[in-house]
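Below are two complexes that have subunit A in common, paired first with subunit B and then with subunit C.
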Partner chain A sequence: MMILSGDPPRSRVLSALLIVIVALLALAPFLFPGAKPLNVATKICVFAALVASYDLLLGYTGTVSFAHTMFYGIGSYGIAIALYTLGPTWTAVGAGLACGLPLAVLLALAIGLFSLRVQAIFFAMITLAVASAFLVLASQLSGLTGGEDGRSFQLPELLRPGTVFAKGVFGITVSGRTLTYYIVFVGAAAMILALLRVVNSPFGRVLQAIRENRFRAEALGYRTVFHLTLANCIAALVAAFAGALNALWLRYAGPDTSLAFSIMLDILLMVVIGGMGTIYGAIIGAVIFILAQNYLQALMGLASSAAADAGLPLLPGLLHPDRWLLWLGLLFIASVYFFPTGVVGRLRGAARQ
Partner chain B sequence: MDGRVKPGHDDGEAERVEIILRQRPMTLSLETRDLTIRFGGHVAVNGVSCSFRPGELTAIVGPNGAGKTTYFNLISGQLTASTGEVWLAGRNITAMSAPLRTRAGLGRAFQLTNLFPNLSVEENVRLAVQAAAGVHYDMLRPWMRRTDLIARADAILDGVALGARRRVAATALSHGDQRKLEVALMMALEPKVFMFDEPTAGMSVDEVPVVLDLIARLKQDPTKIILLVEHKMDVVRSLADRIIVLHNGQLVADGKPAEVIASPVVQEAYLGVARGKTAA
Partner chain C sequence: MSELAADEALPEPPRDIVPAALPIVLALVMLPLSGSASSWVTLTVASLAMGMMIFIMASGLTLVFGLMDVLNFGHGAFIAVGAYVATLAFGPLAAWMQSDSLLDNLAALLPAGLLAMAVSGALGAVFERVLILPVYGQHLKQILITMGGLIVAEQSLYALWGPQQIPLPLPGALRGSFILGDIAIAKYRVLAMVVGLVVFVGTLLVLNRTKVGLLIRAGVENREMVEALGYRVRRLFLGVFMVGSALAGLGGVMWGLYREQIHASMGGDLMILIFIVVIIGGLGSVTGCFIGAILVAMVANYGGFLLPKLALVSNILLMVAILMWRPRGLYPVTNR
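Right, the complex of A and B next:
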């Protein structure tokens, strides 16, 4: 990663953490062959890229956008609609990308040029409005999008679970599913590396300058509206591609999995937990958040019964699996309170001392 | 423009004029014509017409609130004039945005320090060097490979005696060092017109010479226009080739330093107030 961008993680703990995460994700189909763990691993890959692209906007330029799930959704629906209408072929996958990605970029361009000239709050409002309109549109145009039900579709032969390439490789069956996972993994990794490259380029430095003092950046000769719009387009492109990968994995696109505002909140939390303005933070944030979302309940079940067995008062009730959302909330509040600069910011701070 | 070249009737002539203009850096000129800006009912700059020549350092003086900073903002594009025009090198730049005016050669150091607070000192200067090199949208090469830009930034930092502080965040600098960094950002832009807005205000006595020496060195270059807003009369006397006086947004005096300082209008309009201020 450092070779490509000249921006090392700048903390030994962080480097070690990232190496472990990447290694585990790279070997996930072999290490965790179950359906659920692989779903979780895929979600981590997709969200790491999605959150990294949001970090480009929020962390580097200081711009708040609510339209990120819209771009994510455009990518998802692009794939879903293309494969649904054209049938399960690679041409359809190509067509889905060829429609979805440019649409996302053009929309980002229009929103950016229209609203990034003025105060940041105006941009936030516009993105909120456009994203809401898009959500309504997606459920209204049910002939195209499948409405609330979304669109399920078939994948090309190669990617189907039934397609078996090899049996008994380190004890697992290498199937179309495995291939799909690696497409997602490689796609996400490529996007994150590209984003790292962008933020460490001369262009990326200007983005930080705009975040710090837009007035001064203008006075230095940077026409900031173009930088911001360009960043918005790049973020939209990555988000749409992440959406496309997610749709391929799920074989489905619908409002709940790709457009809902709850996803927007998840993205925000992951950026903040991981550490804004670092890109690496997106990976850490996605891992923590998605693991907690998927395994906290089970963990609490174990802890609760352990506490009950040990005869401790109160604890079994507090740790009851039904209360997991409460604990999830507390976990987030605590992490934001104790690590205001995110996990990455904290680790880098510790490394400097 | 000095009037030697007159626009012709046919395109061929116009093109030749263009070429002549481009070949003659000495035609650099900066001029404001009837420049005026109103904030509500208040006229902060009122019909100021003045032209500035290369190789000349013009000091702009006047009491607090006279409109000096506003005049600068109108020239460098942070504010747009209500009426009147700004001309740079024969071009009307009145409607141009601030970034484009900077690219056209107007350099500005702000009165109220205006930096990238959480970026390091060297990052601040590198951003200005990068802008001067015209590297705006390059996103494929890592910054660290632009050793040419990095070296230039380092040289500029050494020029304002900030080399030792390069890794510190701008916000952590002392007030005097921040003022120096402010000047360094303008130097890094390599402008044709330098606009200093009270560059030494609030600096400690031992820090002032660094900035004054720098301005004096700039003065050696006969192709540059230098504008300096300054309250300290000894500084003005030692550096200025010409003084203009603003009072209530109007240009009330313009001439050689000795004449202007001695003129009754200045004694009354400016120096009286300035003395009051030093006494306070």
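Right, the complex of A and C next:
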């Protein structure tokens, strides 16, 4: 209870799901050896933390930010640029974090002070504009960021796949890659637990009060701009750290993996599918979405070629794997309408009856 | 405050001309910086033309927000749809498009523009009825839903037309420039400026000289009061939404011809520029939107000429500067 900050899943099905997910992720290197499943597992960990931090904004304060990938990207690029320029040492990892995380927080502070005073819609537009400018900057300042190609880099000795710690543990080789996975897993788990702590603190209650009625919260004497800006900074910090973990795993940071607007849409979808304002929803949303992204697209490809063989008009184009965002968009609209509380909200609602 | 006699005219509201003077001042400041008169004219015409096109696309968005407090993140969809639909009309009219006679060209451009406006407007009506109607008054859901609508529209365009860029060459008589001494003015930019001015003046006339315009302005000011007087603001709003979408479609065609190529993601890309314009102008203000569009285009063109690296973030800097001066935009209209 302590570790969950007194905010248990409150539904048997949800608890069981979460236990299964966490157990599978914790044992992933042993249960699913192989490059692709481990990549998927890492992505789930990183995105669960990233989406949870976005949930702090969207679900708990009711502000829509489109700049979350920017902070994620700052974390990624911090690690990448530091390891690229300083060489594969632990000092470089520390330097990357020490530059990336404060930069993300400062930028979040600036945006927050500048635009959180007015209504949510204003904040959404400004973050969209700032994030797009940042994306352009990152792809144009190629001397620093590597431009469109991004930056590939070497990891410190201990984390390289070539470093073998033990052979034949439950039939797999424990290598530096396994260690990196566990760093990502533990980091993501720590961030999610920390966010649970934040949202269940008195501070988190004020955020919810602001979400429900900002005017009344202000009348009660809370400085709403301060609270919203602090929430924005915390979310940016977690996002940047998640970005750093992702860069460590990929050994690469580039516009497509860390800054692209499509990632922002993915995050939005995961929050909405999982359930806004729950934190647990982030884990469920990330698992559903990333599994679908990695395994459903193959199915779409099969369906598309089957439709093409059958000579149907239009369908091959609509079912082409590249058009997967189309179905995602439809799913997104449908879930906002019919499913606004997400999977977690539904399960909790069922448990209450 | 002094009392008014019954037969006395109401006092004129104070005119606020400082924002309107901004583009002129900016252009004058640029005069000595640009090096030569010919490059100054070229740059200024380029900014005015670009600004007019952005205004055409953004005007609908600002009115829709002002009237109904709906910010449509899917507005960009109408831009892309308009541009794509126009290519359908350009196909059969190719002979007129390639002709060197201006009349032939206009005979091709006019139906294409009208078709784009009609389809975008119709799509706007569907968009409003299906997506936005259920989420009136809920900002969070509006943002999410309209964002989803943008994605679906964009991906549908990809599915129907394929992922490649479609070239959209300018018609024969509009290629090239007018040459006056050592000053070159691209012909198409003149056309864009004329169309933009017509739209701006037309919008202002409708808003200020007709009953519908009166109702729209009253609705922007205080929706409940207009409703209480028995007018159906919802229906009015649907009309404004359709006109705004149709204008966005027209803007899409013009932008596509300006760039001489179209792409399904153009709507989403332009959205960011349009948001900046709408924020700078003050949400809900058509005049503000017009000035904002010209300012954004000027900063982009002048900035790109003086400091190419700065041009990447010049829009953001302009927005920050304007909002520092007037936190609610140049001409704040709504009390929201």
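Criterion: the second predicted complex is superposed on the first by the 307 of 353 C-alpha atoms of A that agree within 3 Å, B and C clash if a C-alpha of one lies under 4 Å from a C-alpha of the other, contacts with A are read in each partner's own complex, and residues count from 1 in each chain.
In the analysis below, contacts are C-beta pairs under 8 Å (C-beta built on N, C-alpha and C of every residue); 3 or more make two chains touch, one makes a residue touch a chain.
Being a predicted model, the structure only gives us computed values, none of them experimental.
Of the two partner chains placed around the shared chain by superposition, neither subunit B nor subunit C is touched by A:Leu291.
Look at A:Leu24: by the touch rule set out above, it reaches neither subunit B nor subunit C.
Of the two partner chains placed by superposition, A:Leu113 touches none, neither subunit B nor subunit C. Counting the residues of subunit A touched by each of subunit B and subunit C gives the higher count for C.
When the shared chain is aligned, subunit B comes close enough to touch A:Leu220, but subunit C does not.
Shared interface residues of subunit A, touching subunit B in one complex and subunit C in the other, do not exist. On the side of subunit A, the complex with subunit C involves touching residues 58, 62, 64, 114, 117-122, 124-126, 128-130, 132-133, 136-137, 140, 261, 265, 268, 272, 314, 317-318, 320, 322-323, 325-326, 328-330, 332-333, 336-337, 340. Residues of subunit A touching subunit B in their complex: 5-7, 197-198, 200-206, 208-209, 212-213, 215-224, 226-227, 230.
Of all residues in subunit B, only 76, 78, 97-100, 102-103, 108, 110, 114-119, 123, 126-128, 130-132, 135-146, 185, 189 touch subunit A in the complex they form.
The touching residues of subunit C, when paired with subunit A in their complex, are 71, 73, 131, 134, 139-141, 143-145, 147-149, 151-152, 155-156, 158-160, 162-163, 268, 271-272, 275-276, 278-279, 309, 312-313, 315-316, 319-320, 323, 327-328, 336.
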